[in-house]
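Labels run A, B, C and D following the written order; every chain starts at residue 1.
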Amino acid sequence: MTTGKDFEITDLGPCEIDSPLHRFCHPDGRTFSFTDDSERILVDHRVASLSGDAGKADGFASLERAGARRKIFFDPAGTTVGIVTCGGLCPGLNNVIRDIVMTASLRYGVRRAIGFLYGYRGLTGKDSHIELTPEGVSEIHELGGTILGSSRGSQDVGGMVDRLEELEVNILFVLGGDGTMRGALALIGEIKRRNLEIAVVGIPKTIDNDFRFMDRSFGFLTAYSKAIEAIDSAHREAQAAPNGIGLVKLMGRHSGFIACAATLASNQVNFVLIPEVPFELDGPNGFLEALRKRLELRDHAVIVVAEGAGRELFGDEDRQRDASGNIVMGDIGALLTRRIKDKFSEDGTEIILKYIDPSYIIRSIKASPADSVLCTGLAINAVHAAMCGKTGMVIALWHSALVHVPMLRAIQERNVVDPESAYWLSVLSTTGQPVAFY
Amino acid sequence: MTTGKDFEITDLGPCEIDSPLHRFCHPDGRTFSFTDDSERILVDHRVASLSGDAGKADGFASLERAGARRKIFFDPAGTTVGIVTCGGLCPGLNNVIRDIVMTASLRYGVRRAIGFLYGYRGLTGKDSHIELTPEGVSEIHELGGTILGSSRGSQDVGGMVDRLEELEVNILFVLGGDGTMRGALALIGEIKRRNLEIAVVGIPKTIDNDFRFMDRSFGFLTAYSKAIEAIDSAHREAQAAPNGIGLVKLMGRHSGFIACAATLASNQVNFVLIPEVPFELDGPNGFLEALRKRLELRDHAVIVVAEGAGRELFGDEDRQRDASGNIVMGDIGALLTRRIKDKFSEDGTEIILKYIDPSYIIRSIKASPADSVLCTGLAINAVHAAMCGKTGMVIALWHSALVHVPMLRAIQERNVVDPESAYWLSVLSTTGQPVAFY
Amino acid sequence: MTTGKDFEITDLGPCEIDSPLHRFCHPDGRTFSFTDDSERILVDHRVASLSGDAGKADGFASLERAGARRKIFFDPAGTTVGIVTCGGLCPGLNNVIRDIVMTASLRYGVRRAIGFLYGYRGLTGKDSHIELTPEGVSEIHELGGTILGSSRGSQDVGGMVDRLEELEVNILFVLGGDGTMRGALALIGEIKRRNLEIAVVGIPKTIDNDFRFMDRSFGFLTAYSKAIEAIDSAHREAQAAPNGIGLVKLMGRHSGFIACAATLASNQVNFVLIPEVPFELDGPNGFLEALRKRLELRDHAVIVVAEGAGRELFGDEDRQRDASGNIVMGDIGALLTRRIKDKFSEDGTEIILKYIDPSYIIRSIKASPADSVLCTGLAINAVHAAMCGKTGMVIALWHSALVHVPMLRAIQERNVVDPESAYWLSVLSTTGQPVAFY
Amino acid sequence: MTTGKDFEITDLGPCEIDSPLHRFCHPDGRTFSFTDDSERILVDHRVASLSGDAGKADGFASLERAGARRKIFFDPAGTTVGIVTCGGLCPGLNNVIRDIVMTASLRYGVRRAIGFLYGYRGLTGKDSHIELTPEGVSEIHELGGTILGSSRGSQDVGGMVDRLEELEVNILFVLGGDGTMRGALALIGEIKRRNLEIAVVGIPKTIDNDFRFMDRSFGFLTAYSKAIEAIDSAHREAQAAPNGIGLVKLMGRHSGFIACAATLASNQVNFVLIPEVPFELDGPNGFLEALRKRLELRDHAVIVVAEGAGRELFGDEDRQRDASGNIVMGDIGALLTRRIKDKFSEDGTEIILKYIDPSYIIRSIKASPADSVLCTGLAINAVHAAMCGKTGMVIALWHSALVHVPMLRAIQERNVVDPESAYWLSVLSTTGQPVAFY
């Protein structure tokens, strides 16, 4: 039984150095805790997937299991690791930084760890990195944000690889979303062209939980847990006013996971709107009419909307308004607020709408304990992989197992809420909202 | 030694009924726990205030101490109490409702307790009240908001007193701010005109802590405690970006107490702007220049602004823009955001500003334990006072003592941050900001 | 490709009634969200498991996927569901109760839901149940504990089935651990003997996370998240004293998951002791000597011990002391405290040891948001399964999929920390402790 | 109008140096924010206290107001400040340390700040202190405990003053309880004998809130706020069992403030037992009978007991048992547990009692925001006072004003719950318990 080629992990060369982790072997001589490259996990664990002949020429698609290897590629004494954090804030960034430094320095004994400042920008200029020591990072998991700073957007690839060469970086850990991983792939291409022995390992960071091959991405659990505070506030505000409406916009550009999970956790939401399920505002089966009925029945309503929901609603008129600067282009929270107010104003019904956008408050908090555990697992295993010279891959959590996924595959597809799934049904069951607004 | 007349409490008549609280007297015959009307607390406890002859013809101004009285005015068996909550949400409203009902029903044994819905609106219509029983309210302190709902604005006074008569309400507890208390005074006037025996007792509610004669108003401590989460978020966002600026707008229309206390508690704020201390934006000693210097020095900055700060900055130009609908009139958060962006755009300095307005999230949470204790004290003593037929008064906490204050006096003046006080000095000392932006 | 027989689910008969959940089907006629009995998940998703011929005569062992079925067995209009909670408290019990009632009543429209009081005791007497309505349970997830009460131990099986008959219960939901499930199997046996159409569906409850076929059991995440508070306290106490030792005993009779996860999440633990890894106290490689070295080096130490750790240490001497009543039999916290104090007393080293047992505080809190989501998933799908007449099974979460597991299989084996796993290695890597005390 | 001599503050000499805080004066020339020594607050602000002739020969007893003075005694450039923390942990210790260092270093510009390790022990040996810099302490308020460590008990006075001389300490800030303050007074005596110019200023630390002249001591609010978690746990455990009893022991050796405040805040306690109100266990009006009645009525009960309650119950028999080592001498929690179990065992009533002692978890957490604000006020003003050469005094919060109190006076009397006060009545009113168990 073999492996789908698409999920093969690239490495820089054979591993011939004994891992310093042998000291964690039991004194009675039993060897243990090491994982072998041949250990693989099925991508699809449904029985039905085993029966088909569907294009799996060389066997079932599977993923290499993460874990410490007996032999490693880099000699720790001569190894420098670099870390960079990119994109928006996400709970757990500092945990990952911390645990990479701890594992690389204390367990493997690498020579040096450095952190690049403000995302890929830090790879372009001089003096834009800091030293990372076990003492210096030992408490940073108590802080939200990232001690390295972050930024968006790409930088000159050649310049960045120049910088890695100059600083003699052997391993670069990249924390970011799909845009960041595309940047990492460009780096890897240039590294290959120059025939350098630099490994680039990604740790997928997406608060929206939209990374494929992640049961859950780090920060997501913390985020939806915090989001229920905003929902509770919306609920209290809505209850306190006649025809009170609480509207909460949550993160989720392409995937409504935060909106769904916060809804399931809070039990206070009457309507949840996500990017994966288009909806109409007007008409007898539209959202606004459903809202009207809810107010008639219960006198208040709580709405959660993912920021990426309702893209189909932004018609020419809205876009024109955007151009004039009045409405931020595509802000579904603002659009809903306006349309709801207009609707009830036309009906002559007095409503009180409170709109809450807690995004900055959510994404900048420290990781919850459950995300700390996840971050530790991702960070330790990212170091294990990188020390073996594996490159162009990300650490992922798939069906409860930590695995290696080629970077290119990891970003080919997004994780989204399947509107035909039992999961979405459980959300509908919790809110009691109609299955569709049409 | 006597009392300043201005602080005398009005009552409906002599107290001739034995308090049912006598059962809390010690079995050995010792009487205790009862408070006498003659117990009074000085308004001004500075030694210097004792030496003057300053118009205190009938002695030093003082306040009647709250507490259970030995004799009461209303016969519990025939007494109905009503409760109404007005104005914006504030942590602790449900605690006060709960403890009024508990004390009136379980300790005094009143016949009936009702709650009017949606503020004074509930006193105008039929079927707009609910029964309040000990069982029904026993857990409501676990919820933010108010189970009675709230609303702003005044209603027809005659109609409201009609409703009180119709429902045979003997005592009305009013939870609200100064506007609400003005409404209560109108009610009292009409009650007097009709020669009714209805006591109206206020429990001052102002999340901004701007009530005179309150060491701290309920909800204020909860509010500034919660506000530091937003400040921490602003701090993490600011730190994570080159030239990152975190701007947090906190509650405080006339008084900057929430902004100051949150600043003192968080130790992360570089600039705090409050209504009591006017400031200029431009010029070499203006706020914007100070901000520029801070960024130059430390690369990031955290600003806290009270919503009422900087009124003097809203010139004709701003007002015109407001009229056109672009900027909400007098929104200091929006104005600061715009002016900061303009300033650095002119300078050619790239900044990243994150603006956080956590108001709804703060005001709708449940009371912290310390506010729960305060609410219990206010509620129990409000019932003690009302059962004695005291009316036109509020329960207050003055120099650590619970006292009675005439409603009219209570709202004559606001509690504000004194810019010449040691308190404001301690805020300046914490932020390190210049003493003035001029 | 088929199924291992051992994992087949028993049912009461064919499903011939249309599910009322059809209303959640999309108005455009697309059917969706329903799950078919034929959908199955592999028990073992390692590629290696597919290659063997190891006794899987009828195919790979697999589990039936949970979810709503198109056809159901019980006619909701005539169905009564009962719920019982057994054993120790665990965060999430009220969430499961709530969501069973909500789903059964509001989504399926069952006639009646009742809750038995104080565990199986409630099935033995008259008047020992309460009605459960959507209104009555709508807020109970905000409370720790269980509104039904709980108890340990078994009751007369015949009497309990009599009671189910008497109350015309069609479905019994049982929340509890392996002992409780054994009780449920006894009930099922008696139900079968009497040829009754009563389905018994289990929701595995084990705060220790020692249920097989559960990625994580509900309450576990909440528990270890809360446990880190106790660890932080132990850390602060230890740091504050010369030779300060903080010792925290956490739950985990057979499995050290809470101890391990809390250790990973807190980053403050120097030694973690779990039931799965035996250890010696004395000798040059024993625990006490390692502790002495740590104190010498860093002046303080934090130890986490699972309650079931070190069973091998309770020699005859200890047992004798237990019999005399001085030491609670097998209390590893007390034993460690005594042995540590003796050790350093012998050495003449003054230490200060603070022992913290936070178990009651941890297990009685309300479920965290992440556990709320899990509870909702378990409860909704337990109702789906039960309405189909499935019986003698539990709802489980296996490799990120909700599945049905025969009750008998579910309790045959425990989930334990594998001392040869990458997981335990990551714990060792975090504490820095020796791989063994021998 | 003058001052009671007993409250006069001693100083080291006249203040002749301009305060560097003049830079906080307003640029328009207005002077402000400075406080004058002549500003005093009445000790007793009851009107009745003004009328008596009661031995106040030289006027009403009053307290000097804290605050920055225009002139100071110590030249900052040559000043070294030392800090020591003594006794048990208390939330806020790190806040006070931090804000003393910040104020002394950044606002006054003192030359050096040092922290002595492990309480007075740190004043006895070499190398037992650390440097305290603004950078080093800037985040320590986020941590519970004390970064300086602590210890109990006294040390050789001469040796300690030797050490202060050797390190050229000009100001010693002492954080501790009454025992610590007695130690400080001994130091002051020796300093005086040697004619040294060393100021010793105390910041009262008592989690029990039993310091006289403190509206509330720092850490107290945090403590009772955290304590309600344990009460909630006891409540859930009690509710979950037939005849369930939850017993929580809280801190409070001489004063029941934590027990009372936690009771008022939680609304879940049925019986609260404090040191100030003796009680009997047996007899028809004893506590055990009242507990029995409660169980009969409601099937569960929650008891909160302060650690110092019920001293009168420890008869000879108990003491003998203590001597044999079985019961910790005077542990009211153990005694109550035993007596309750015995009582119901005699009655043949099965009960389930869960005993929770959360003391270590409470006292080691970080300060809540409200305590942070208080700590900042105490610390800043302690520095103000010390820079003026004031010595033998503590900073206190009296009737909402920060004041100076002579150390000797501060510890002469304890703050206790007055069983004849409205406060205790409000506690009784909340629990509904009998006024006495006799």
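Throughout what follows, a residue touches a chain if its C-beta (ideal position, glycine included) is under 8 Å from a C-beta of that chain, and two chains touch if they have at least 3 such contacts.
Nothing here was measured: the structure is a model prediction, and the numbers come from that model.
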*asked:* When I count C-beta pairs in contact, which pair ends up with more: A-C or C-D?
replied: A-C
*Taking mean CA positions as centres, which chain lies farthest from subunit A?*
D
_Centroid of subunit A to centroid of subunit D, CA atoms only: how many Å?_
46
_Distance from subunit D to subunit C - Cα centre to Cα centre, in angstrom_ = 42
*Between subunit A and subunit C, what's the gap in Å when you average each chain's C-alpha atoms?*
28
*Enumerate the contact residues on subunit B facing subunit A in the complex.*
89, 118, 121, 143-147, 149-151, 229-230, 232-237, 239-242, 244, 325-326, 354, 356, 358, 360-361, 364-365
_Partner subunit B, residues of subunit D touching it in the complex_ = 1-3, 21, 23-28, 30, 32-33, 35, 38-42, 45-48, 50-51, 59-60, 62, 66-68, 98, 102-103, 106-107, 138, 141, 215, 221, 224-225, 228, 261-262, 264-267, 285, 368-370, 372-373, 376-377, 380-381, 399-402, 419-422, 424-426, 428-430, 432, 435-436, 438
